[in-house]
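In the two complexes below, subunit A is the common chain; its partner is subunit B in one and subunit C in the other.
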Partner chain A sequence: MERIPILKMGSFLLVTIQVDMHDQLAMNLQEDLTNRISATGARAVLIDISALDIVDSFIGRMLAGIAGMAKILDAKTVVVGMQPAVAITLVELGLSLDGIHTALNVDRGMALLRNSLELSDDEDLGAELANES
Partner chain B sequence: MNHEELQIRTQSDIVLVRKAVRELTAKLGFGLTDQTKITTAASELARNTLEYGLGGHLEMETLKNDLGKSGIRLTFIDQGPGIADIALALTDGFTSGKGMGMGLSGSKRLMNEFTIDSEMGKGTRVSVTKWK
Partner chain C sequence: MAEQNTHLSSLLQKNEQSLLTQWIEAQQRVIGTKISPQELKIQCMDFLRLMVEATHQDKSTSIDGPAWVTAKKMLAEVSKSRTNQGFSPSQTALFVFSLKRPLFDLLRKELVDRPNEFADAIWAITQILDQLGLYTAEMHQRSREEVINRQQADMLELSTPVVKLWDGILALPMIGTLDSNRTQIVMESLLQKIMETESEIAIIDITGVPTVDTLVAQHLIKTVTAARLMGTECIISGIRPQIAATIVHLGVELGNIATKSTLADAFKLALSRTGRSVSKTTTHSPATGMRK
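On to the complex of A and B.
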């Protein structure tokens, strides 16, 4: 089955969405991420959506779902890299993405997560770097 | 004017609809923000066609008004169960399915013109237009 790869870096999980997701793929990502948080004990999830040229209500709901489930599993989620046109459209569509932390880019997203987890700059950069897709 | 038809039978068709609408809006010279709004509205409406209308099709037309302004019209047609209460269906946050209930009302906000016709047991036809 088609999957979006999830990278583990220290206590962080990183996802870059680079394809136009059909709905099932979005649902798979939600399930995979939740499983990975549980299996790895990750404290934070960073989702890069800079390659997404639309976020509709389905994808918005999927992102909110990830953030909600991650929170219950004691992990913080940040969504980074939203294109300006996507942000304008989301607001007009009526989606406020409540409960989702966002940051302008990956750097700021990582800083936000480190800050909120009270980690130092290199603390999350464990020696392990796994890529399981 | 230009006229194209796309089937909406599977989730992958929604992705194809987004791609086709994006390409056509770019070809018509819509700015990036409008391209994104139109494509997002198309995605919402195509999902409605699939989920509530049990599949159907999209008609894409390019338009030109009297003032020479160009536009795009997207008409989503299904032969599904129809919508019992259109006013209710157009309310923000109302959903009879698993969505967030922003599809119809949100698409209406993203486009310039919006019409909906529905008959119980016959199907639904949603038409949206955006002018440049």
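On to the complex of A and C.
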């Protein structure tokens, strides 16, 4: 079954959507991500959708759902790199994704997460090393 | 009835000169000197000639046939030039309708002893001229619409600049009434620019927007939400007291959108949010500042 890879980096989880999202894929992602959050105890999730050109109401709702679930699991979610057309579509669909943080690119998204978790630039990597040793 | 038209064609041809004089006089009485006599004469002569041809070829009382194509084309041109000269629709249609009187006079003279034929001929001419007159009015309206459409397109183009105020700070000065069409274009160009420049903050200045109603407010909120989805914060500035009152009276919820009264205040806020500030340099002296 087709899946979107979820990368773990320190206490962050990274998801990059680089294929066309279809409904099953989105549902799989939601399931995988919640499992990973609880398994790894990740405190933040970054979803990069800069390669996503088209969204429908289902995908929009899925994104909102993922953020909501992550929040309950005590992980902060930031969606980065949304295309103008996607933003307009979501607004027209009435999905303003109120609980979700957004950022222009991955750099800014990471900075936002670090700030809100009050980590220094290297601390997330440090946690990773500590886990491995 | 169709027979009468044969009559009409030859009648027109025979009396072209006297018709022309009377027709031009009738027009000049109403529209005065808005158009030069020479131009009017040329237009009238051309049209009479075309009408002779058309009535000669097409014996029916309809102007839909192929014989009338050139005449109609000429009418469309006349009507277009009159539109540009600032004629009203009735003044434009008068070009055709004023031909009735001279024609009827002529018919009365020619058919004085044949009342039945006279009545038929009048009916045939009325039908043709009415159709031509309506066609002229229609053309007049169409050229007016063209002008309006072009102006609308021009307005859309010139009124949506997105300017960069500082690294990471964009400003969108909105001018004029906002409708769905314009807001759509404004929204798209703003989002596009946000993506190109990766700006963190966009200031929407509505000093030049005369009125804000629920629809405009909704458009603004949509734009701000879309920008937020992309990761850019929006500040709305230039809200005049009346507009603030309107927004509150309408019960529009601007939510947590930051608002400032002037663009300068908004810029200051934008700078502080991006970790910058403006300060005076100590060496500044007002006199040189003025002269510079």
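Everything that follows uses one rule, which is that the second predicted complex is superposed on the first by the 125 of 133 C-alpha atoms of A that agree within 3 Å, B and C clash if a C-alpha of one lies under 4 Å from a C-alpha of the other, contacts with A are read in each partner's own complex, and residues count from 1 in each chain.
Here, contacts are C-beta pairs under 8 Å (C-beta built on N, C-alpha and C of every residue); 3 or more make two chains touch, one makes a residue touch a chain.
Note that the coordinates shown come from a computational prediction; the quantities given were computed from them, not determined experimentally.
Asks: Kindly classify A:Q24 by the partners it touches after superposition: subunit B alone (first), subunit C alone (second), both, or neither?
Replies: first
Asks: Given the touch rule stated above, what does A:G109 touch, subunit B (first), subunit C (second), both, or neither?
Replies: The answer is second: A:G109 touches subunit C but not subunit B.
Asks: Where does A:I88 make contact in the superposed view: on subunit B (first), on subunit C (second), on both, or on neither?
Replies: Both subunit B and subunit C are touched by A:I88.
Asks: Now for A:S96: first (subunit B), second (subunit C), both, or neither, which partner does it touch?
Replies: Only subunit C; A:S96 stays clear of subunit B.
Asks: So which positions on subunit A get touched by both subunit B and subunit C?
Replies: Looking at subunit A, the two contact sets intersect at 83-84, 86, 88, 92.
Asks: Across the complex, what residues on subunit B touch subunit A?
Replies: Residues of subunit B touching subunit A: 11-12, 14-15, 18-19, 22, 32-33, 35-37, 39-40, 43-44, 47, 92, 99-100, 102-103, 105-107, 109-110.
Asks: Touching subunit C in the complex: which residues of subunit A?
Replies: On the subunit A side, the touching residues are 79-84, 86-88, 90-92, 96-97, 102-105, 108-109.
Asks: In their shared complex, at which residues does subunit A touch subunit B?
Replies: Residues 20-24, 53-58, 60-61, 83-86, 88-89, 92-95.
Asks: How about subunit C: which of its residues touch subunit A in the complex?
Replies: It is residues 187-188, 191-192, 194-195, 198-200, 222, 225-232 of subunit C that touch subunit A.
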